[in-house]
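Common to both upcoming complexes is subunit A, partnered first by subunit B, then by subunit C.
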Partner chain A sequence: MSWGVVLGAIGFWLAAWALNAWLAQRTPKGAAARRAQRLVVPAIFGLSLLVLWEGITRGANVPTVLLPPPSMIGERFAASTGILWADFKQTFLQAVLIGYALGCGSAFLVAIAIDRSPFLQRGLLPVGNLISALPIIGIAPIMVMWFGFDWPSKAAVVVVMTFFPTLVNTVQGLQAAETMQRDLMHTYAASYWQTLFKLRLPAAAPFIFNALKICSTLALIGAIVAEFFGTPIVGMGFRISTGVGRMDIDLVWAEIAVAAVAGSAFYGVVVLIERAVTFWHPSVRGQRD
Partner chain B sequence: MIARALPVATVVATILVLWYLFAVILNAPWERDQAARAGAQITTSQLIANTMAQKRPVLPAPHQVVVEIWNTTALKKITSKRSLVFHGWITLSSTLLGFAIGTVMGVLLAVGIVHNRAMEMSVMPWVVASQTIPILAIAPMIIVVLNAVGLSGLLPKALISAYLSFFPVVVGMVKGLTSPDVLQLDLMRTYGASRRQTLWKLRWPSSVPYLFTSMKVAVAASLVGAIVGELPTGAVAGLGARLLAGSYYGQTIQIWSALFAAAALAATLVALVGLANRIVLRRMGMAR
Partner chain C sequence: MRRMIATALAGAMALATAQASAAEKVTLQLKWVTQAQFAGYYVAQDQGFYADEGLEVEIKPGGPDIAPAQVLAGGGADVVLDWMPSALATREKGVMLVNIAQPFKSSGMMLTCRKETGIKGPEDFRGKTLGVWFYGNEYPFLSWMSQLGIPTDGSEGGVTVLKQGFNVDPLLQKQADCVSTMTYNEYWQIIDAGLSADELVVFKYQDQGVATLEDGIYVLEDALKDPAFEDRMVRFVRASMRGWKWAEENPDAAADIVLENDMTGAQTQKHQRRMMGEIAKLTAGSNGALDPADYQRTVDTLMKGGSDPVITSAPEGAWTHVITDKAL
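Let's turn to the complex of A and B:
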């Protein structure tokens, strides 16, 4: 136990906090400076947390099987990029992306298919809302039995998890166009499909993207947890559960870092597409300037 | 009411019919195989009857699941290890403990974020970013690490639940506490209200609808946390353990009944939060 390192880390954290408090009180002129402030303050906070973590684990000699210091996780990350990439390919590029595309895509098509039937909509919406709140992750063992250990079973879990949020949001979004606008399309003698493509689908886009954003997180969670129920010897969930079993905690943390980066990058990509598609929406227009 | 019940009933009935259909289709190959091995011809009606009464079906028929749930809840002693009530209670207790911890911590952090600009700018982006990462992935590690420290049983699972229910509450409450508009805040200032008074008399009451909305999300998330938290302990007790044990031994009916118990639990918890929401808002005169 070396108190110097611990105290130094705590001191660094306090100093960073004081700096942040000072920075946050500034009201910089100009949009660029304000954006820089919005980036720098959380970055300093995150960095100070890492230093605190490093200092306490090293200074207080926390056993590395409990909580390894970030530098050790970084080393492990750099040393095992091969394993991490294989896991990423298995879990993210196959199970998550394919499941996500199938789940969200089929929900979208079903929503369009039942669009002409208010009866089915009234029936499906409450059921879909209920199912969205259920712990769907529990179907993972069933899917593993049906589709085997490899990625298709994980993709199947992802399909079921992403289906209902997308369905509910798309159905709600398709009702978002106002009566006045629909009447206008009617006076143009627009057909059902013209109204759908030119008015109602664009109007539904914010709702659909909301669902796509929720589902991007759900998909990754579904794929990782489904791997706890059985996998071939590759995959992020597999690496986490076996790494924990073998007290290989630094590898587990490296895998979690990959999952975190993949999750936020996935979300970020969906947000970028959303901005490009719903450029007309007030929430996007406001962020431009 | 009837106008809403009929479509829902139709959809549910359709799902049940499809389920029976798939049960027959998916379970039939095994029956045919058995018949072929015995060297016997099997009639179609016999085949359909058999597919709904298998011991380890690929997809159990709905009535098999219902019978299993009835057998493991009403007909077993609550203390029995084979009782779903016993396992459900274990999951429920860690869900509720975690939900309570997560909600209280979330509200406290939200109050801090609203009152301290430095905290808002430093912490809030991380809270929002953490919503996009699969937090559940660290569940097994938390369980095993806390076990190594000597903490086992209810608390580690509750911590995972707390962790999952924490973030929706923070995000919702920050939105709720900042929801009073400038006019109302100005009015409080003209009254000479202190920050504490503004918090209790304006911000807190106007955040209540937001609190309940995020609590609905949080309670569902904390149940998922509790179930996943039960996986790495090696299937000792709880609904998650029932799922895992079922998948080890190919007991599909057991998996489905645990799944339905979990679904019923989630629906009940969300409905209870919704009910509390309506009662509280009515007492506060905010019901619409």
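Let's turn to the complex of A and C:
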């Protein structure tokens, strides 16, 4: 038990906190300085958390099979980039992206069909609700039996998970265009499809992107958890579950770090696309410097 | 004078028995769900062998994704059952497990393949898909493949490995050419599912010379330094081995005892009695003491793993006869 290390880590964390509090209160003048402030504050926070973690695990001699220090995780990360990349390709590039595209795409099309037909609306929404309520732990083994061990069964689980949120949000969004605006299109003798593409879909965009943002995290969770139930021996979920069984906890954390970065990056990309498409929305206009 | 001494002695003995009648608690973590694989312990509990030794044993069933070594490391149990490869690998990672008894003499692990895949011998595995359990159970398989020189990472001339769930669906659904089975459990699940023995080809690890020791009793090295704990373990092992020998002699009754203790209701009498019959074959020949020759064979098998050995150096102090010497 090395008190010096633990106290040093706590001291660093408190100092970083004080620095952040001071920085957050300043209002720098230039646009570049403001951007720097927005980046530096979270960076200092993140760094201080890592130092605190390292200090406590090393100083208090926490067993590494329970919680490894970040430096050990970093070392293992650097040593296993091959494995981590293969897992990322298997899970993210195949199961997550393809499942996400299929799930959100099919939900979008079904929402448009529902919009056309009130009969479908009354029938399909409750069924969609039921499907989304099925627990992944129950569907995953069934999907593995239907679609095999490889990534298609994981993509199927992702489709089931992302279908309902996208469906509900798109149906809601399609009703967002106001009556006045729809009447205006009617006076221009616009057909259903013209109204849809020029008015109603752009008006629905904020809702649709809301769903896409939620589904981006759901997709990653779904793919990783689905991999606990039968995989070829590659994949993020596989590595995490078997790593825990083998007491390779530093590899598990390295895999978690990859999942966290991938999930955040995915979410970030969807947000950037949203900003570009819904440039007219007050929430986006107000954020411009 | 003599009467005074006699009374004093009687008083002292009464005090002693009063103290001993407060049973000491021991928590045992099983390797899998309640089944005849652990009949010895359930019999010892049911027939009062533990109570005779002054112990109150809580038996915690295991299950999918419960690694006994982790439960021990996390303090969830005093003593666990584990397979030796997993225990030695965990020991290398810093959790110091020590084998104090070895009820299972032989290995029941085997690879079961469909005959129609054309597999006749281990060399035919190349290019096929094999189902393997993980969570500590993959070590014997990886060791065997490494010794045969068959890569498992998907490269040329190797096998495709599937992380098999704890069922035999991959074989039944033809998603895998072979699956890992135990002689006492999954093999019979395949037979019950409708396949007959002549549609299957089995490879017993014991016959292939790559068998590793299975169910053994493990505790943490540090815990053994406490003399009270050591004494509890001596009594525990003695009663457990009594339970095992009773189970070997009365397999059907033992199976029924296990069935009574099955909280999930998922086990059937037919399956458990069959399992007990098979388990009795694996425990036969062991009185509980670990045979150092068997231990060495297991270590050699694990270290012959070529480029990817399960353990990298011969373990020191991974087993002890201290408990079995006093217990048996």
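Everything below uses one rule, namely that the second predicted complex is superposed on the first by the 262 of 289 C-alpha atoms of A that agree within 3 Å, B and C clash if a C-alpha of one lies under 4 Å from a C-alpha of the other, contacts with A are read in each partner's own complex, and residues count from 1 in each chain.
Just so it is clear, contacts are C-beta pairs under 8 Å (C-beta built on N, C-alpha and C of every residue); 3 or more make two chains touch, one makes a residue touch a chain.
Since the model is a prediction, treat every value here as computed from it, not as a measurement.
Within the superposed three-chain model, A:F149 lies in touch with subunit C and out of touch with subunit B [touch as defined at top]. By the touch criterion stated above, A:P126 is placed in contact with subunit B alone, subunit C being left untouched.
After overlaying the two complexes on the shared chain, residue contacts for A:A259 are found with subunit B alone; subunit C is out of touch.
When both complexes are overlaid on chain A, the residue A:A226 reaches neither subunit B nor subunit C.
Touch criterion met: A:I137 reaches subunit B, while subunit C stays clear of it. With both complexes placed on chain A, subunit A has more residues touched by B than by the other of subunit B and subunit C. After overlaying the two complexes on the shared chain, residue contacts for A:T64 are found with subunit C alone; subunit B is out of touch.
Looking at the shared chain after the overlay, A:S241 reaches both subunit B and subunit C. The contact surfaces that subunit B and subunit C form on subunit A in the two complexes overlap at residues 65-66, 141, 144-145, 228-230, 241, 244-245. On the side of subunit A, the complex with subunit C involves touching residues 63-66, 141, 144-145, 148-149, 228-234, 238, 241-242, 244-248.
Subunit C meets subunit A in the complex at residues 65, 67, 69-70, 73-74, 89-90, 93-95, 134-136, 138, 152-154, 160-165, 169-170, 173, 175-176.
Contacts from subunit B toward subunit A in the complex involve residues 3-4, 6-12, 15, 58, 117-118, 120-126, 129, 131-138, 140-141, 144-145, 148-149, 216, 220, 223-224, 227-228, 231-232, 239-240, 243-244, 246-247, 250, 252, 255-256, 258-259, 262-263, 266-267, 270. The part of subunit A that touches subunit B in the complex is made up of residues 17, 20-21, 23-25, 37-38, 41-42, 44-46, 65-67, 119-124, 126-127, 130, 133-135, 137-142, 144-146, 216-217, 220-221, 224-225, 228-230, 236-237, 240-241, 244-245, 249, 252-253, 255-256, 259-260, 263-264, 266-268.
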